[in-house]
Amino acid sequence: MDKVGIVGYNQVKCYSDANYGRYEMIFEAVRGAIDNAGLKKKDITTVISATNDYYDGRTISNCFTVEVGGGYMADESKVEMDGAHAMLYGLMRILSGNHKLAVIWGGSMPSCYPYHSARLYETDPTWERPNAYVNDITSSGFQMRAYMEKYGLSKEDIAKVAVKNKKNAAKNPLALEESQNPNISISDVLEAEIYADPVTELMVAPPCDSVAAVLLAPERQAVKITDKPVWITGVGWNQETYYLGERDLSQSTSMEHAAKAAYDMAGISNPRNDLDVAELFEVCAHEELIFTEALGLVEKGKGPQLNTEINGDFPINPSGGALGGNPPCATGLIRIIEAVKQIRGEAGQYQVGDVKRAVASGQIGMCAQNNILYVLEGEN
Amino acid sequence: MSKQTQRKSMDYVKKEYKRTRTMPANWYLSSYEYKFNITHMQPFLKKLKEKKLVANKCSGCNRVFFPPRLVCGKCLVKPDRWVDIRDTARVATYAIAYLKDENSEVQEKPMVLVHHDGADTSSIAELAPGVDVKDTYISMPIKAHWKDNPEGGLMDIEYYDLMDDDAEDLNESK
Amino acid sequence: MGRQVAIVSAGYSEHASKRSDVSMPELVNEAIEDCLAKVPSVELKDIDAFVNGNMPAFEGSNIPELWMTDWMGARNKPLMRVTTGGTTGGSVAISGYYTVTAGIPGIDTVLAIAFEQQSQGDTSVGLASVAYGEISILNSLGISYDQLNRLLSAGAAIGVAAYQATTYMSKANITEEDLARVVVQNRRNAAKTWWAHLKMPDLTIADVLDTPYVQYPLRYGMVCPASDGAVAMLFTTEEKAKDMCDIPVYVNGVASVANETAVLGYDGSGSAQLDPSEQLGAMKSADLAYSQAGISFPRKEIDYAEVYAPFPNQELMWVEKLGLFEETTAPEMYETGVTAHKGELPVNCSGGVNSTNAIAASAMERPSEAALQIMGKASNQVPKTVHTSIGSGWGGSLNLITLMAMSDEPKRKWK
C-alpha cells in the first residue's frame, strides 16, 4: 500500500447543546482543517462526509451540505457509518491515484433529537425493535455483564476506566464540558444513575454536538503541504454478526480481525512494544478494556491490569476518548485526530511523551459490531 | 394513467405472490428539533421592513446571494459584503403541481423560481393570483408585490406581478 | 497508483411494485445469488470485502446491513456502507471500484450491493423529509407551513424534475410528444428485460399523453414507478477477472461530482443553479470520467449508454450533458431511432429508471446493465458489439451526478 498522509485536521468543541446552526458547524470544521493545512478550496478534489439520515432528521443528509462541506464541484460521496469509515473511503480514493486532496468530515447534532431512542432504528425491525429491549445502552449492559462474569471482574474495574477517561478529558479543551471532571472518583461513577444495570450514566459515552474534519493527501503532495505529515500505514475493518446471542460478547471478534489486518499491513508483530498510544472509540467504559485485549495489548481478561493513564505503561485515550464526548458520526474521526495530535506533539496537556506510532479506532452498531482500526505513524 | 394503459401494465406486473408477514413500525420526525442559525440573515430581514432588498456578496467570486447565504460554496468563505438589489426579477423556471385540496378536487398550484435582477441565485415564489401560469415563459419580467405592512419576514413579498412589456422580441420568445 | 479494476458479474432480483413474497434480506439474497450464479468459480468465501447501501428512510430502518450481515454473507468480513440518496447505487458501485483499485492488501474481490424495498415504507414521507430542515428554517423566516406546502409540493424528486423539464423543453423547443416518445422506447425495452418492473410492449405515444398531469409538464404516464428490488455487482482485479469470466469489463473512469442544490439552497437560501437543466456537475463528471478512461470523443467511442432518468426530459438532457449528443439534438435522435435497440447508439435498453425504480438500486442498475451489455449477457442484448459503455446516476436536489465508464479493454496507458 502506498503511503497516504494526514495533512490537516480540525475539530469543533463538543457541546451538549451547541449554539450553532448545523451548516455553520460543518463549515467551521472544514474551513478550519483547510486553514490548518494552509490550503484553499480549489485544492480539494474529493469530499467524503459521514452523516446519518436518522441522526440528521432528514433523507439524504448530505444533500444540502455540499457547499458548506467544501464539496462544490468536487468528487463527493457519503459514508453512512462512523467518521473513521469515511476516512477509509477517502483513503481508498487517494490510493487510487485519482485524487490529490481528500476532505473527510463527519458529525451530527444529537441535541436536536433523543439519541438513544434513535439508535433503536438500527435494530432488527421484526424481532427486536417492537420490544425495544435492545438499543445501544441495553446491549452495552449485556456486554459488560458478559465480560465481567467471564473473567471475574468487578464493577470497580470498569469504573476505573471511566474515571481515567473523564480525568483525561479535563485536560482536553475540546472535550465535552459536562464530561470534564478532574476530581471524579470510582464511587461517583458507580453511584451515578443506572442506565441498564450494571451500566451507569457516567460509563456511557455522552452524545454531544460536534463536527470534525481531516485532510488526506498522497505521499508526494503531503510532504509539500506540511512538515509533519502523519502516515496511515495500516487499516483494517470488519463486521461481525448482528444477533447478540450469537456473539461472544466478552470479546470483540470484529476488532480482532480488523487489528490483524491493520497490524499485518503496518508490519506490527508485538503491538505492546511497537505502539505508543491508542485512541479507541468506546461507547461504554468496558469496551475500552475489551478492545485493549482484542488489540493484543494484554491477554484476554487482563485488561484492567494494564495501566493506561497518560503516564502509564500503555496510554489509552489520553484525550478522554468517547467518554469525553461522543458526537455521532464524528467520534471515530476525532479519535484519529487525537492520535495525529499525539504523533505531531500537539496534544498540549495530555501529550504522551514521544509518540512514533499510534492506533485509532472507530465503530458502529450494537456492542461495536463493525470496527475499524488505523495504524498511524510519524515521520521518523 | 388511463384505464387502458393501466390494464395493460397490470398484466405484466401481476403475479401470484405469497404474502410475507408484515410488522407495523414507524419512523417519525416529530421528536426532531431542527437547529439553525439565521444571524447572517438579519440585515436582510431588517431591510425588508423598509421594502428594500439587500443581498450578500462573496468577495471571492463576486456572486450575489439572494436570499443571503451563510457560506459561498465556490470559495468556501463567508460572503462579507452587502449590496442592494432591485425588486424587479425574471422567471428562472416554473412548474405546476396538481394537488388535491380538502374536497379532494385537483387544484393547479403554479410555482416559479424567481431570479432577481442583480442577484446570482434564484428563489421559490408565487405569481400574482390572476396570472394564468401556462402563459408564463422563461425569463419573463416580473416585479415584487409588497405587503402593505412588511414585518421583516420572507412573506413581505406576497407574490410577483407581471411587468408590462412592449418589446416585440420578448413576445416572440413565448 | 491504483490497480485496474474489472467487473465480472452483475445480478438482479426481480423487481415489482410490491415484493411482498420476500423480506428485505431475502430480496438482497436473490440479487447476490443471481450475481454469483453467473461466475461459477466464485463462492461467497472468495469475496474479500462488501460495500452496500440503500435509502434508510424509505424502509424505516437505519443501517439495515447491521442485522442483514449474515444474509449478505458478510460475517467477519470488511463491510462499508455508502449512501447518497438517489445516487446511492452509483456511489456504491464507485466505492466498489475504489475498494479494489486502492490495493489494500488482502482485498481483491468486492461485492457491491444496493437494494430498496419501498413497499415496506412510505416513500413520499421519505422524500418529503429531504427538505424538512430547510422548510423549518423558511418557516421561521416568515413563510407559513401552509404556503410552504404549496410552494414545495414540488420538493420531492418530481418537483425539481418539473422545473428542469420546463427549462429543457423551452431550450430544445420540444413538445410533450417528444417526452412521450422516450417513455415508449423505455417501456418497450423493459418488456424484454426479465427483471424490469413496468413492462409495456404495446405502449404508444397516445397512451402516454392520455394520462393526467402529475406536475406540469410531466404526466402520470411519464413518471417512474416505485419498485422493490436489489442489484449486486462483483468487482475484482484485472488478473483475477480473467480466471472468473470470459469477457471481464474494465472500469476505466469514475466520477461523482456534486454541484449545489437546485431549486432550494441550504438554510433556506436560493439556488445558484438558475437553469436546472444546465447541469455543470454532470458535465464535470463526464470530463473527469472520460479523461480517466481516455475517451476523447464520447459520441464516437461510446457504444452504449445507461442513463439514470426517472423522467423522460432528463434522459434527453443527460445524454447531451454526458457528451453523447450535441446540445438540444437528443429529441431528434430519439425520433430517428439512433438511440433505439437496433440503433447506432442504444440508450437504456434495460428500460431505464423510467420503467424500474427501486431508488437505491436504480443508480447501480445503470453501470451493471452497461457492463452486461459489454459481456453480452444482458437480458435485452443489443445487436451491435459493445466495446465501451457508460452508466450514470443523479441524486439529491439535482446536485450529485455519478458516472462510470467501462470498456472491454483495460485503461489506455497514456493518462
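Labels A, B and C are assigned to the chains in the order they are written; within every chain, residues are numbered from 1.
Basically, a residue touches a chain if its C-beta (ideal position, glycine included) is under 8 Å from a C-beta of that chain, and two chains touch if they have at least 3 such contacts.
Predicted model, so just to flag it, every value in this text is computed and none were measured.
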Shared interface partners, meaning chains that touch chain B and chain C: A
Chain pair with the higher count of C-beta pairs in contact (A-B, A-C): A-C
Geometric centre distance via CA averages, chain C-chain B, whole Å: 27
Intercentroid distance (Cα basis), chain C paired with chain A, Å: 33
Intercentroid distance (Cα basis), chain B paired with chain A, Å: 40
Set of chain A residues in contact with two or more other chains: 21-23, 54, 57, 66-68, 71-73, 121, 125-126
Junction residues of chain C, two or more chains touched: 23, 57, 60, 129, 132-133, 260, 265-267
Residue list for chain B, restricted to those that touch at least two other chains: 25, 27, 29, 32, 34, 36, 38, 70, 73
Chain C residues touching chain A - in the complex, by the definition given at the top: 1-2, 23, 50, 53, 55-63, 65-70, 74-86, 91, 94-95, 98-99, 101-106, 126-127, 129-134, 254-261, 265-267, 280-281, 284, 288, 292, 395-397, 399-400
Contact set on chain C toward chain B in their complex: 16-23, 57, 60, 121, 125, 129, 132-133, 136-138, 140-144, 147, 150-154, 159, 162-167, 170, 191, 197-200, 202-203, 207-208, 210-217, 220-221, 260, 263-276
Complex contacts: residues of chain A adjacent to chain B: 18-24, 27, 30-31, 34, 40-41, 54, 57, 66-68, 70-73, 109, 111-114, 117, 121, 125-126, 129-130
Contact set on chain B toward chain A in their complex: 23, 25, 27, 29, 31-38, 70-78
Touching residues (chain side chain A, partner chain C) in the complex: 1-2, 21-23, 47, 52-54, 56-60, 62-68, 71-81, 85, 88-89, 91-93, 95-98, 118, 121-126, 128, 235-243, 253-254, 257-258, 261, 264-265, 364-366, 369-370
